[in-house]
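Below are two complexes that have chain A in common, paired first with chain B and then with chain C.
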Partner chain A sequence: MTESILTVTIRSIYVSSIAALIAFLSSLALNAAFSRMSRKYVEVISGVFEALVGVPTTVIGLLVYMLFFPGGPLGTLKLLYTPHAIIIGEFLVALPMVYTYMFRHYYAMRDTIRELVLSLGCPEKKAFKLLLRELTPILLSAYFVSFSRAMGELGVALIVGGGIEGYTNVLTTAIALQTSIGNYEYAIQLGAILVSITIMLIVTMKILGERVLWRLD
Partner chain B sequence: MEIRLENVWFTYDGSSYVLKNVNLEFANPGLYILMGPNGSGKTTLLKIISLLFKPTKGRVLIDNADFWNMIEKDKQEVRSRIAYVRDKPILVRGTARYNLELGLKLRNNVEVDKSLINNLVKRYMLEDLLSKPASKLSSGQAKIITILRALILNPRILALDEPFTFLDNTRTMLLIQDLAKLVDNGSIIIIATHYMHRDLRTRAKQITELVNGEIIHT
Partner chain C sequence: MRIVIISLVVVLAWITGFIIGVYHVELSHSSLTQYSVKVSTTTSLYQLGVLDDLFSDFNNVTGLNAKFDVLAKGSGEALRLLADGSTCIGFVHAPALEQEFITQGKIERLALFAYNEFIIVGPRSDPANVSSAVNAVEAFKRIYMAGELGLARFISRGDMSGTNIREIQLWNLAGLNPEGKSWYLKTGQGMSQVLIIADNLDAYTLTDIGTYMKLENQGKLRNLVTLKSDPTYLINVYSMYLSKTTPCDDPYTWYIAFKLRDYLLSRGQDLISIKYMGLLNPVKGREDMVLQAWLALTKLS
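And now, the complex of A and B:
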């Protein structure tokens, strides 16, 4: 491999954080939009999203590939084998998981906060602000879940990114490539970096959750 | 302020009614007790009285005006005079103090009456708790914080669901005394409970018994 581990790591973080951010914002918008619908329909929609969590990333990669293939519906955009294609694919991988994660907490908390606000004789509109405040740790956690999912997936990055060194090579594709050519030591180093980033995120989230976010005054 | 329930019915699922043709009146300041076994509809009734739930059928009259037909501004004016404390305490992120002052903060009441809060905190021996995160409070501590949070608002109608659960004897007695003071100041206190404290019985203006969603005795 001609490029440094640092470059691959930075590219991975860049691609995954943007994909995670788009998935996070989309989930927030979807949850807000669906919250106005009847609970019955929202449950059905959420069931679909829950089912989508289990879709293999290679299938999503294939779908994105077919979209951006030169003869495909979006082929003229020439996004195939670019970091943008990986971002779109990883966004689709992360979206069902982050939506489902957010949905469970959002609905559990929404009714409780509404009741609290009204029971204190305050206008219902105050509930949204308080709900957002209450959901802050969950929202942060949802973003990290989304990021971890995007960072750790291989199918999309390989199919629509192609693992081109210096351009679309990310940690997971680099690990696959190095393993396939028998460079196990290098692959293990890359794997360790990937796992370390995930662990660091979880620890940061826990510290934030326990020491900061629950102690707001 | 008076509140009257006329032919109130309520269902959660659209088929089985948890309240059936309830007629009740809280016209004068006093301590009103709602009694009944688990699942008799006390909590639902209390939430209708507190204007959190709209009855499936029937009317809730506030000073002879149908609350659920009022314009939003009037509804809010009425709601600002009512407080409800549920049986399982709801605390938000932050310290016990933040939670204690939450009602005032939500009402943008920046001129928080610190002396009132400090007196209550001292009286209920909560000084050491105030800086604790709400998530670390015991059930009894959480309960008393949520009750005091409502008391601080000085509501004209205060609805309390099982207020004495988790409370020790000392705090139970203090609370009964403070509720009595609130009544003396012209408030209506409505308590749903299945535990009738002796002091509560002697101070009660009216005791209503609810079984299977129907009032069997007032």
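And now, the complex of A and C:
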């Protein structure tokens, strides 16, 4: 392998953090939109999302390939085998998971906090502000859930990224390629890097995030 | 107020991160402005490292600064990508499958540029006595018999790669169908993984000599030895293809493809014979023999 591990790692972080950001923002928007609907419909929609959490990433990869291959509906965009295609695929991979995560926590928290705050005689507006403040750590970890899901998926990156050295090779595709040519030792080193990066990033961000949030009170 | 400041900091951090990221991607692929050709290849050639050598020598000799984006896949997938126009140039070794795509008019063969052979490898103890078989077909018959008796196992790629297709052809020639037998294990993995599995399970398998020698030299195979080689049934021909789909129908791709073809058949041949002796043979001087072998292979079902 001619490409340095550092380059692959940076590309991995870049691609998956953007995919996670898009997934995070859109599930925030979805949750906000659905929160005004009646609870019955929201449960049905969320059920669909919950079911989608388990869809194999290879299936999503194939779907994105079908969209972007030269004869496909979006083939003219020439996105196949670019990092952008991986970002789109990983966004689809991360979306159901981050949506479900947010949804569950939001509803659980909303009801308890509203009841508590209103019973203590707070105005409705202040209750909402308090809710937002209490929700912040959850939003933070929702982002990290989607980030690590995007970082660790292989199917999409392999099919629509192709693992082209120096362009779309991310950690997971590098691991898969090294495994398939029998270079197990190198593959496991890459795997160790992948795991430690995810852990390090998430733990530091969490500690930092909580420090900042603690100061709020 | 604090919330505003914090969110501002977060947003700023994001924007800087984004800019660094974009800059990095552009930097690491500065050839975005330069022309690049997508190439799909079988994993065996990728693993030998021969393509990297050929491409860099090609750029040196011709003075072209072509960038080749290489996707290492099995021959079946590599051909599919060619037929889709997802990649424009392909290096594969599955004659029967190639013929199918050629008759569909989706790909065009530019060159048969190298060949080596498949070998049957198995445990040192050789319970099926493959090493004394007269040819590859009889060797497969012996493995089948030993398998039925519970003495041997066979690991199959099962992924429509060139090696897998050759294996199926051999079973057909032997008039046997191992499908669904308990001793016949289909893995769907790459060649190296199959060799490692076969090594761990004391099983037989069919492999191209390049991948086997590479792993053998790295000391990854403890118990697997070459049991049967057979120049008639086990020749392995590598060909270069150009996709005839619209996305590849631009002058630059064609120019690069035909230049590369000319290079492969002239100077590339010398590079292969010098640097990959024993792993890969150039076709130079034996074009007829290789072509005949290729034609014979397309006719096998």
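We take it that the second predicted complex is superposed on the first by the 201 of 217 C-alpha atoms of A that agree within 3 Å, B and C clash if a C-alpha of one lies under 4 Å from a C-alpha of the other, contacts with A are read in each partner's own complex, and residues count from 1 in each chain.
Note that a contact is a pair of C-beta atoms (placed from the backbone, for glycine too) under 8 Å apart; a residue touches a chain by one contact, two chains touch by 3 or more.
In this text the structure is predicted, and so the values were computed from the model without any measurement.
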Please indicate which partner A:122 is in contact with in the superposed arrangement: first for chain B, second for chain C, both, or neither. first
Answer with first, second, both or neither: which of chain B and chain C does A:179 touch in the superposed model? second
Of chain B and chain C, the partner touching more residues of chain A is C
Tell me the contact category for A:18 with respect to chain B and chain C: first, second, both or neither. second
Let me test your reading of the model: by the given contact rule, A:50 touches which partner, first (chain B), second (chain C), both or neither? neither
Interface residues of chain A shared by chain B and chain C, listed 133, 215-216
Contacts from chain A onto chain B in the complex sit at residues 112-113, 115-123, 126, 130, 133-134, 136-137, 213-217
Please name which positions on chain C make contact with chain A in the complex. 2-3, 6, 14, 17-18, 21, 24-25, 28-29, 38, 43, 46-47, 52, 69-72, 84-86, 189-190, 192-193, 195-196, 211, 214-215, 218, 220, 245-247
Applying the document's contact rule, which stretches of chain A touch chain C when the two form their complex? 2, 7, 10-11, 13-14, 17-18, 21, 65, 69-71, 75, 80-81, 83, 133, 162-167, 177, 179-184, 212, 215-216
Touching chain A in the complex, chain B uses residues 50-52, 76, 79-86, 90, 92-95, 97-98, 102-103, 106-107, 133-135, 149-150, 153, 155
